[in-house]
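As written, the chain order gives the labels A, B and C, with residue 1 at the start of each chain.
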Amino acid sequence: MSNGRTLLDVQNISKKFGGLVAVNGLSFTVKEQEVLGIIGPNGSGKTTVMNLISGAFPLSSGSIRLMGRELADLSAHRIARAGVARTFQLVRILPGLSVMDNVVAGAVFGHRRRWRTEAESHARDLLDRVGLGDKHYQPVSALTYIDQKRVELARALAGDPQILLLDEWLAGLNPSELHTGIELIESLSREGRTIILVEHVMDAIRTLCHRCIVVNSGQLIAEGTPASVLSDPTVISAYLGDD
Amino acid sequence: MDILISGLLLGGTYVLIAMGLNLQYGVARIMNLANGEMIVLGALAGFWLYMTATISPLLTIFLIAPIAFAGNWLVYRLLLVPLVRRAGNQGQLEVDSILATFGMSFVLVGIMVSLHGEYFTYSFLASPLSILGTTVALNRLVAFGFAVVIGLILYLWLNHSRAGMAVRAVSVDPASARLVGIDVGKVSALAFAVGGMVSAMAGVLISTFITLDASVGVIFTMKALIIVIMGGVGDIRGAIVAAVILGMVETAVATLIDPGLTLAAAYLIFLLVLLFKPQGLFGRAPV
Amino acid sequence: MTGEVRSLLIGAVCVALAAAVPYVTDGYWLSIALTAMMYIALSTSWALFSGPTHYISLASGAFFGIGGYLVATGMSDYNQSFWLMMFVAAVVATLLAGLIGLATLRLSGVYFVIFTLGLAEMIRNLVSWVQNNFLGSRGLYVLTDFTDAHIYWMLLAVAAAVFLFGWFIDRSRLGFALKIIGNEETVARHVGINTAWTKVVLFMSTGFFAALVGAIIAPRYSYIEPNLVFSPELSFLVVIMALLGGTHRLWGPLLGVIPFTLIWEAISIWVPNFTTLFLGLAFLTIVYFIPNGFVGLLEKLRHRSVA
């Protein structure tokens, strides 16, 4: 994996909220077909990094390039079309639409755009893939939390993104759901998808990630294989909070 | 100088108008578009009691305060709480409360038109007075004085009483207020009722120097909104500054350009604020 | 027969039936039908934007006023033809709606309502002031040889165009995008929808249609006064009729307009002092008893009879 081309190049990005510096001069890269984990204590700025990449709000400074193309000044919908898809830490579904239409939404406007029957059959495949084969036409608000997370994942996949951002997609699952969830992401990775994974579940990090970065207070404190960063003393002390 | 003094006096009454709405929107989170009608109701009461029983408007203020308080409390409890309960999210609540309070506003106008369809004109303390070379009517000055007093009382209440503290806590962050044991529902009702009461009192004061009719409420609502949004929702000091600015600008436009353009000028300020500073003059960008 | 062909056919039959009204009656009832047709066009096009987005626009009166006023000034002060001015008015209103949209659609719901209300009032004030101070020497006359039947047919054509437009939107990416925006704007942006553009386009269409209606109605009044055509009441009526019928179906507002126009007409004749009170009660009724409009009620009933 490590010898692939660079897909996403994040250079020196910062984000200030008023006086609070949530992300502070962070740089990292993601290669094609790589699964990169971002870990760090609560409030360390992981979600903010995801928000900056997906264009949820503008950068304070820095540069983010997707295959050489600068994303920093683009609005969220352009970034999505350029090939960045995401899920949200707190699930965001389209409550008034059916499960099917929730996923079609991702297929119609995303990186690769489909319409009508093509979009629907694509959405159907993805729903089967994430394990919602029997719930296509239910109202999405009737689903359980885990199923809503599945819908969100299918929606993110529906536009055939270049890179997939998963923000604690595995959080809140019970052990058996977690197992299925990890397998699902693993199969996406085997297909050759590029993924950035924000997780607190260390098992998932160990199993899924090729490489990890650790952030604390918006700064990069370690980078390397999951095993090496998780045994790094600075990382351990950051998690224990005695920094 | 003329403009400064007249503008300041006008601004003083605007402060009161805006305070009512500020409490209602800032604390109870209800954008009450019937707020202007509360003002007009107060004015109607002032006018009517003076004409039929020669009761001084300055006394009427205190007569109607408890009634307005009770009325607004009931409106909140009976009509608005169900909307709060029903709404799945803030957006839905906003739409519902806008429609409901528009409805109330029209109902109140309808009732007032059938009670008294003409202008509320009477003359009270209309003798001219000269301050710093500017001639102003005594009633304006008295109204300004009362506005300052009511504003001060409100300020002291908010900052130095238990209930006032609770109100402020809810306005800053309802969720945390709940955590420290504040009954948010009760406090919201209280704030809504006090807000309505202050508006009605302001209405009585205004009736002494401006001629109103049953249908001008919407103009007051808009002015109150302009001030609240310009000053920043929930920000009393901001509201005072904004009210004075609005008073000055209106007076300036009326004397320097054309009285026909005052309203347009007020709306223009409003639109500019909404476009460029929707979080208020002193507000931080929303997070 | 597919569903699409069927709904188009039903639509065509309705238009044909509606077109026959002037042959059946030409007095009082035609004038009521004309008013109803005007509100059908206005409320339906309003609902195309406000239904899915939940942005309540109170600018209909402004766009309508632009239509009426430009036709009137153009014809009486500048000797232009009705048709040309109708076209100019529609263009001006569409552009204005575009500007309003670009400026405001990032504001939250309450502020949008207030902005549109304030803007409409400001335009009314400014136009009245300009008219009274600079152009006021002569009145504004709209003299044409249109009869009520002609005006009615033109409005019918606009209403039919609104329905066709709505039908088309419903089947397009634009309509789907709008539905998603109404559900969750953040998601909409992150799946690749240009939310600003989508909303602005739809909002421009309401401006366009309202100005057309305002222009077409102008000859009916023959004498135009800015305060008359830039009526804030009209904005509220449009909103209320659309909500009463229900905004989540294309034909919803239609169900609101017809009964409301009849009642409104009756009240204006019998107890004119109560129109405002009635308007208020109608708002309250909608909020408290029929939040999804008549369409919502019908759907609930049908649901119950099926279950």
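Keep this in mind: a contact is a pair of C-beta atoms (placed from the backbone, for glycine too) under 8 Å apart; a residue touches a chain by one contact, two chains touch by 3 or more.
Since the model is a prediction, treat every value here as computed from it, not as a measurement.
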{"item": "Leading chain pair when contacts are tallied as C-beta pairs", "value": "B-C"}
{"item": "Chain closest to the middle, measuring from C-alpha centroids that were averaged per chain", "value": "C"}
{"item": "Mean-CA-position distance for chain C and chain A (Å)", "value": "43"}
{"item": "Between chain B and chain A, distance of the C-alpha-averaged centres to the nearest whole Å", "value": "48"}
{"item": "Averaged-CA centre spacing for the pair chain C and chain B, given as whole angstrom", "value": "32"}
{"item": "Complex contacts: residues of chain B adjacent to chain C", "value": "31, 79, 82-83, 91-92, 94-96, 98-100, 102-111, 113-114, 117, 215, 218, 222, 225, 229, 258, 260-261, 263-264, 267-268, 270-271, 274-275, 278"}
{"item": "Interfacial residue positions of chain C with respect to chain B in the complex", "value": "54, 56, 103-104, 107-111, 113-115, 117-119, 121-122, 125-126, 128-129, 132-133, 232, 236, 243, 273-284, 286-288, 291"}
{"item": "Touching residues on chain C, where the partner in the complex is chain A", "value": "173, 176-177, 179-180, 182-184, 186-195"}
{"item": "For the chain A and chain C complex, residues of the former touching the latter", "value": "54-56, 75-77, 80-81, 85-86, 88, 92-97, 104-106, 108-111, 113, 115, 155, 159"}
